[in-house]
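Dumping the structure here so I can ask a few things about it.
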Amino acid sequence: MNQMTQAERSVQTETRDVKFECRDVQVWYGEKHALKDVGVDILDKTVTAFIGPSGCGKSTFLRCLNRMNDTIAAARVGGQMLLDGEDIYDPRVDPVQLRARVGMVFQKPNPFPKSIYDNVAYGPRIHGLAPTRADLDAVVEKSLRRAALWDDVKDRLGETGTSLSGGQQQRLCIARAIATSPEVLLMDEPCSALDPIATAQIEELIDELRDRYSVVIVTHSMQQAARVSQKTAFFHLGHLVEYASTDDIFTSPKDPRTESYITGRIG
Amino acid sequence: RNQIQVAGSSTVLPYATIAAEAFADNTDFAAPVVEGGGSGAGIKQFCAGVGPRTIDIANSSRPMTQAELADCHANGVARVIEVRFGYDGIVFASGINGPDFALSTQDIHAALAAEVVVDGRRTPNPARRWADVNPTLPAQEIAVFVPGTKHGTREVFEEKVMAAGCDASGTRAELAALDGDKAARAACTALRSDGRAVDIDGDYTETLARVDSNPNGMGVFGLSFYENNTTRLKVAPIDGVVPTVASVASGEYPVSRPLFFYVKADHFGLVPGLKEFAEFFVVDAIAGPGGPLADYGLVPDPQLAAVQAAVAAEHVMGAD
Amino acid sequence: MSPLTTLIIILGLAGLGYLLGRRRAVALVAGDTRQLHSRPAYHGWLVALLAALPPLGLLVLGGLAGPLIPGATHGAGALLAPAAALLALAGLGVGLARISPGFRARNAVERVIGLLLILCSLIAIATTLGIVLSLVFESASFFRLYPWHEFLFGTEWTPRFGGGSKLGMLPLLWGTLYISFIALLVAVPIGLFAAIYMSEYASRRVRAVAKPAIEVLAGIPTIVYGLFALVTVGPLIRDWLAQPLGLGDSGASVATAGLVMGIMLIPFVSSLSDDIINAVPQSLRDGALGLGSTPSETIRHVVIPAALPGIVGAVLLAASRAIGETMIVVLGAGAMARISGNPFEAMTTITVKIVGQLTGDNDFNSPETLVAFALGLTLFVMTLGLNVLALYIVRKYREQYE
Amino acid sequence: MSDPAQTAPRPRRSLLQTDAGTRRRNAAERRFRTYGAAAILTAMAALAVLMFTVFRDGASAFVQARATIPVVIAADVVDPQGNRDPAEMAKILTMSYSRLLDQALTREIARSGIQVGGLTQRDITGFLSAQARADLRRAVLADPSLVGQEIEWRMMTSSRVDAMLKGRITREMAARDARTSVAQYDLAMALRDRGVVRAGFNWRFITAPDGSDSRPEAAGLGVAILGSFYMMLIVLVLALPIGVAASIWLEEFAPKNRLTDVIEVNISNLAAVPSIVFGILGLAAFINFVGLPRSAPIVGGLVLTLMTLPTIIISTRAALKAVPPSIRDAALGVGASRMQTVFHHVLPLAMPGVLTGTILGLAQALGETAPLMLIGMVAFVTTYPSAPPQGLFDPASALPVQIYNWTQRADPAFFERASGAIIVLLAFLLAMNLIAIWLRRKFERRW
Amino acid sequence: MNQMTQAERSVQTETRDVKFECRDVQVWYGEKHALKDVGVDILDKTVTAFIGPSGCGKSTFLRCLNRMNDTIAAARVGGQMLLDGEDIYDPRVDPVQLRARVGMVFQKPNPFPKSIYDNVAYGPRIHGLAPTRADLDAVVEKSLRRAALWDDVKDRLGETGTSLSGGQQQRLCIARAIATSPEVLLMDEPCSALDPIATAQIEELIDELRDRYSVVIVTHSMQQAARVSQKTAFFHLGHLVEYASTDDIFTSPKDPRTESYITGRIG
C-alpha cells in the first residue's frame, strides 16, 4: 500500500469530482466562535487529512460535515456546505439520510454497551443492507477483518463492546462505521490508540476505501497525513489556514503558520 | 343497568349492606351496589338527575332538607320517596380499663364548650379534668374524640348534646343575655380547640383506636358500633339512662336520630327490583325487632307498618 | 358489533396491512431491498398505521361524543363500528397504493410515531387542563360565598354546620409544609443513602434483594401506615419524646405523621436515585478514584452532582406524594387545624381537608364543601411554584457528563 | 507563595500505616458507608415491622372455623304448602331457614351430650354464620328433593365463634362481649373438642365477594381482586406506553423552549396533585361527560392511569437524561434516525428507570383509595364483574377499597380481614412487579 | 530536553531504587486470562515505557499498579506487587492511600463534568494540599501550565471540562493527575490525541517529573518510548516478553517477537 509514490497520487487528484463544497463555514459554541470562515472542497475518491494543533477546530468541522453538531445544544453552524451540490443544512434535508451517506468514527471510541457483533451489525440492520442472517454474519466478519479486529474478537463476538481495550474499541468503531458502506467516511483520529501494525492495517483500509469513497481523516501525525492523504487542510485557532495537496503542504507550505507547525514536529 | 345503586350516609351503610345482601339472597334480582360517602354527598348525587347514570337510592342519617329537595325537583327528580327505617343511638364510651362515668348533657357541654360564662363574662373553658366540671366525676383529664365536621353524627352531637346541655345548665340564657340569641346558639355548639376535644376525620374505628391508645380518652360512637366492641369500650349513661336498643326505642335515651333512605320512584320500572328492594328493606323480617338490622344495632322504628304502607303506596315527598 | 370485535377487526386489518405492505415493497424491487429508500418493514408499518390509527381515532372521538357503553343501541353508536372498519380498509388501500421504491416510508412512520408521542404528552397537558377546569369553576362559586382574603390569610379553620364557618387556610398550609418537611427529612437522607449504598457498595445479590424489598414500602396501602402511626408510633413518640420533653401529650402529632410518611417515601427516593446513580459512567468514578479519593468522596463530589437532575426528580416525586397523602395524616397527625412550631402537636394538611370536606356530610353547594376546590386550586398553584424552583435548580446545577 | 507542586515529594510512608489525613478520610468513608448500610437497614427494619404487624393481624384471615352437622330439611318450614313448587318455596325467606339450623345445632348438642350452663336461644342462633342459612336455602331451592331429608351440612361459624377458636376471644372477653357469651364460648370449645367445629383453610376469603356488616366470616376478596386486576390491566396498558411516549417526546424531541418548560413543570406538578382531585376529574370527565358507568373498573383504571402518569414520566425522563450523549452520537453517526436511536439504544439503557417508575406507579395505583371514592368504587359489590371487555364496565370493588371499607366496620373480625386483605394486596403487587423487577435486573448495566 | 543522549540516561538508570516489584502477576477478566506471569521491577526516578500491540494487556497491568482493577467486578488479580517493598494487595493496604501515591491518567480522557478549575483542583482539595484559595489557584495554574493547557483555557476556567476538545481533555486529565504530586505517575497513552507540539511539551513534563518521581507510560509510538523512557517493557498477548533498558530493547532486542514488533514499525 505504501509503495505508491506521492507523485502517482497527486496526478489522480485532479480528475476527481468535488464531494463536499464548503464555503464560509462558521461554528459557535454559545459565545465562542470555534470555526471561522472555513472554505474547503473535499474531493471524491480522495483521502483528505485535517491537521492542526489540538483545539483548533478539526473535530468541530468534521462534525459539521454530517451534521452531528445538531446534537450539541450550544452549537450554531453558519455558512454553506454542499454534498454533491446539495446544501446539507437545507431544512428539507433529512440528517439521517445524510449520516447514512456520511459515516463517522468519533474521536473518543464510543461502542454501544451491546455485544461486539451487535455493534457492527447495527448499521447494516437499520439500513437493510443484509437481508439474511448469513449476509449479516458476512458483513460483520468482513468489517471486523478490514478494521483489523477480527482475530482479536472472533471468539468473543457476544461479549460487550465496552469490555474491549482502548485500541480494540477504536477499531470496533471503525468496523461499525464501514459496515454501512458510507460514501464519505469521516474519521477523527482513528489510529490514536493503535499500535504501528494496527495503524498500518487501518491505513491500508483507508487507502482501499479511497477507490470508491471519499475519506476525511483527522490526525496529529504528520507522517500519517503524508502517508495516506492526497489533500491536507491545516487548521489553526478556528481558521483554515491552508488547504492544498498533501505534497504541497509538506514540501512547500504557503503560510508561515503551516510551515512552523510542520517543522515543529518531532521525530 | 340491572343493579340498583345506592349511596350516602356511612351510618346507614352497614344496614343497607345487610339489607342488600339479604335481598340478593332471597330474590333473583342482582345485589344492589351500596356506596358510602356521607349523607350530603349521597343526596347530591341522588338529586343530580334521572337516568341510568344516576343513583337510585340515597341513604341519609338526617332528613333531606327543603333546599335539597328543591334541587332534586329542579333536576327532574320529581318522585322521591322518603323512608325512615329506624333510629340510631349515639353513645359516649371510654376505655374498658378506665373509671366509670355517669354523664349528663350539662357535664359534657361544660367539659367541651369552647367558652363558658364565669362571673358573667365569657371566658375560654378553664376545665381540665372531669372533676372540674362535676365533682362526682373522676379526676381524669378531659380528652374527648368527637366526629369531625364531615360527619352527620357531629351535627346530632352538637344539637342533642351540646345545645341541650347548654340549655339545661342555663349557660345559653347567660350567653344570650351577653351577646344575643344568635351568638349564644353558635357559642353553645362551639367545641374547644385546645386539644381536649379532638375532631376525628376518620370513622368510629379511628375513634376506638384513639381511645385505646389514650388512657384518658373518651369517644363518641354509634350504638351499633359500641355493641360490637363492648370488650374494649365502657359506655357512659347519659342522664342516668344506659343506651340500649330498648332505651333508644322508647325515647328514654336522649341522644338518638332517625335514619332514612330516599328512593327515586322515577326509576321504578327502569331499574329492575328497585321497588322490591325498597319494600324488602322495611319488611318486619328485616327492619323489625329481631330482624338482622336490629341484631346489628338498629333501633327499629315503632311505626314500621306505616312506613311499609307508604313505600307500597309510593308516597312521594312534597305530595301532601 | 361489540367494541371488542371492532377492535379485533381493525387490528387484524392492520396486521394484514403490515404483511401486504412489506410484501409489496419487496416485490416492487424484485427482492433487491437496497433499492428501497426505506426497509420493507417500514413500508409494512406505514400501511398498518394507516389502517389502524384513523379508525381508532374515530372510535375514541365517537366514544367521547356518545356513550361508549357496550351494547348501547342508539344510532350513532351502532354506525360507529362499521364506519371504523371501512376506514381501516380505506387506510389499508391508500397505504398500499403509496408504496414505491423511492417512498420515504421510514420518515413517514417516524412522523406518525412522533405525532403519537406528542399526543401522549398532550394527555398530560389535557389532564392538567381538566384538573384546573374542574377546580376553577367550583372555586369561583366558593369565592362568591366566602371572601378570598379570609380564605387565603385566615388563621382559623373551623368549619361548622349551617354556616358561620371560619375557613382560613393558613393553618392547613402550615400543617402541609410542616408534615411534608418532616417526611422529607426522613425520606431523603435514608432514601439517598440507601440508593448510594445499593449502587456503590452493595453486592449484586444484596442489591437484587434490597431494592425490590424497599419498594414494597411504596406498595403497602397507606391505611396500614396510618394505623401503624396511630397505634404504634404515635403513643411511642408521645411517651418517649413529647411527654419527657414536656412538649405535650398528644398521641397524634406532626412528628408521627411525618416520620411514618417518610418511611413510605423512602423507595421513591431510593429506587429512582439508584437507577440514576447507576447510569453515571464508570469512567467518572475511575477518574476520581484514580486521584486517590475515597469511594465516599467520589460519590459526594462526582457521582451525586452528575446524577443531580434525577435525584431532584426523585425528591420532587417524594415531596409530591407527601403533599398529596391523606390517610397517614388523618390517622397520624390528627385533624387539628392549627399553626404551631411544636412537632408533637396534632395538625392537619390541605389534602386531608380536601378529602374531608368533599366526602363529608355538608350540603354540596355550601362553602364548607366548595372550599375543597379552592384548597385544591391553592395547592396546585403552590406546588407549581415548587416545581418551577426545582426546574431552576436543576438547570443551574446540572453537570452534564460527556 | 507556597506551592505544593513544587515542594519535595512527601516523605515516604508505609502503605500499611495510614497517615492522619487518610485516617480521618477513612473514618469519614466508614461513616458514610455505615450511613448507607444504616439507611438500608432502617428501611428494611421498617418493612419488617410493618410486615410483622400485617401478618400478625392478618394471617388468621386465611383460616376459618366451620361446623359440620346433620341438618333436617323440615318440610313444614321450607315448603309449608307441601307442593314442592320452587316458586312457592322461594317465598320462604332465609330467616326461616335459620330455624332449621338452630334445631340441627340443638340436636347436635344433645346428641353429643354437651352440657353448657346458661345457653340461650341467641347463643345458638348466633353460633352459625348468617351465610349458612342463605347457602342452605339456595341448595334447597336448587334441589327440592332435599326437602324432608337429613343432610350432612358443612357451614361457617359466626365471626365470634371463629375468633374463639383462633384465640382472639378468650373466655373472659366473651363475658364482656355483648355479642357473645361465656356459654357460647364453652359450647364452641366443646364442639371443637368433639371435632364438630374445625378450622380449615379459607378459600372463600380469596374467592368470595364481600359480605355485609353482619357476616364478616363470609366476606371475601373475589370481586375486589377482579376489580383491581382489571384496573391494573388498564393502567399498565395505558400508563406505561403513554408515560414512556410522553417522556421520550419531552426529553428527546421537544424543542427546548418556554412552552416545553411549561409542559415539563406541569407534569411534575401533576404528581403533587392530591389523588382525590383525580377523582374529581374522573367524575367530571369520564362519568359526567363521556358517560361511563359508576363503580366500573374502566373509570377507575382511567383515573389511576392519569394519576400514575406523572410518576412514570418523571422517572423515565430522569433515566433518559442519564444516558450519556456519546451513545446517541454513536447511533446517529451510523445513520440511525433519532427515533431509531431512542428506541434501539437510549430507551433500553433507560429501562431500569422506566421500570422503577412503573413499579412505583403501579404500587401507588394499586393501593389508592381516595380517587375511587368519587367515582363510586368504594362500594359494597357482591356480584362478580364478567369477563372483559364487558366486565370493565360492570360494578366492581378494588383491593384497597375493600381494605378501607373493612377497617371502618364495627365488627373486630373485619380488622383481621383487612389485614388479611393487605397480605393479598402485597402478594398481588409482588406478582405484578415480579416481571418488572426481573426485567430491570436484566437491563441494569454500567458503561 | 531531547538533547540528553540515550547513553547519559542509561548510566543513571543503574543507581536507582526499585519502586514497584512485580512478580507473577496474573489478571483474569472472568474466564479470560488477560495477563500471565508478569514480573517486572519498576525503578524510581525513571520513566518506564510499556509497549505492545493493542489488546496485549498494557492498560490492564497499569491499572493493577494502583489497584484501579478493583473497580471492575469481573477482574481478578493474582501474584505479588510490592511498592517500596510493601504488597499493595495486602488486605491492610488502603487503596485510597495507594492511589494518592500512584496517580493515573486514563486512556480515554475522563474529565469530570465540572469546571476546568474544579477538575484540576479536585485532587489538591481532597488531599488538603492547598490550604488557601491562593495556594489552590497557584496549583491549578501550575498544573495546567505544565500540562500545556494553560494558554488554551486560561480565559475559561469556569467552563465545564467536557466542553473541551479531545486533546484538551487529555491534557486536562494530565493536569489533574499531576496536581496531586503522586510518587508514581501512570500514564496510559497520554499523548494519543495531542499534536506534535503539545506532545513535546508533555514529554518535557515527563522528563521533568523523572527527577523526583517514577513515571510509567503506555505508548504506541516507538519514537516516543525511545525519546522519553529509560526502561521499556514489551507486552504480547498478555505476556511480558521482554523488559530491559530502552536502548537495549530498541537496539538489541533479545526476543524475536520484540524484534519483529519493533521493526514492523512504520515511519
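To keep things simple, chains are lettered A, B, C, D and E as they appear, and every chain counts its residues starting from 1.
Going forward, a residue touches a chain if its C-beta (ideal position, glycine included) is under 8 Å from a C-beta of that chain, and two chains touch if they have at least 3 such contacts.
This is a predicted model, so every value here is computed, not measured.
The set of chains touching chain A and also touching chain B is given as C, D.
Averaging Cα atoms per chain gives one point for each, and the point farthest from that of chain C is the centre of E. Closest to the protein's overall CA centre, chain by chain, comes C.
The centroid of the Cα atoms in chain A and the matching centroid in chain C are 45 Å apart.
Averaging C-alpha coordinates per chain places the centre of chain C 20 Å away from that of chain D. Averaged C-alpha coordinates put the centre of chain B at 38 Å from the centre of chain C. Rounded to whole angstrom units, the spacing between the C-alpha centres of chain A and chain E is 29.
Of all residues in chain C, those that touch two or more other chains are 107, 227, 281-282, 294, 297, 358-359, 400-402.
The set of chain B residues that touch two or more partner chains comprises 37, 202. Those residues of chain E in touch with two or more other chains are numbered 96-98, 100-101, 108, 126-127. A list of each chain pair in contact follows: A-C, A-D, A-E, B-C, B-D, C-D, C-E, D-E.
The touching residues of chain E, counted against chain A in their complex, run 2, 29, 32, 51-55, 59-60, 74, 107-109, 152, 156, 163-168, 171, 188-189, 192-200, 203, 220-224, 227, 261, 264-267. Looking at the complex, you find that chain B touches chain D at residues 1, 3, 5, 7, 10, 13-18, 20-22, 24-26, 30-31, 33-37, 52-53, 55, 96, 202-205, 222, 224-225, 227-231, 285, 291-292, 295-297.
Those residues of chain D whose C-beta lies close enough to touch chain A in the complex are 256, 325-338, 340, 344-345, 349, 445, 447. Contacts from chain D toward chain B in the complex involve residues 90, 93-95, 130, 134, 137-138, 169, 173, 176-179, 211-215, 287-288, 291, 293-295, 373, 376, 378-383, 395, 405, 407-412, 415.
Against chain D, in their complex, chain A makes its touches with residues 66, 68, 71, 73, 95-97, 99-101, 103-106, 108, 110-113, 122-123, 126-127, 160, 162, 173, 176-177, 179-180, 182.
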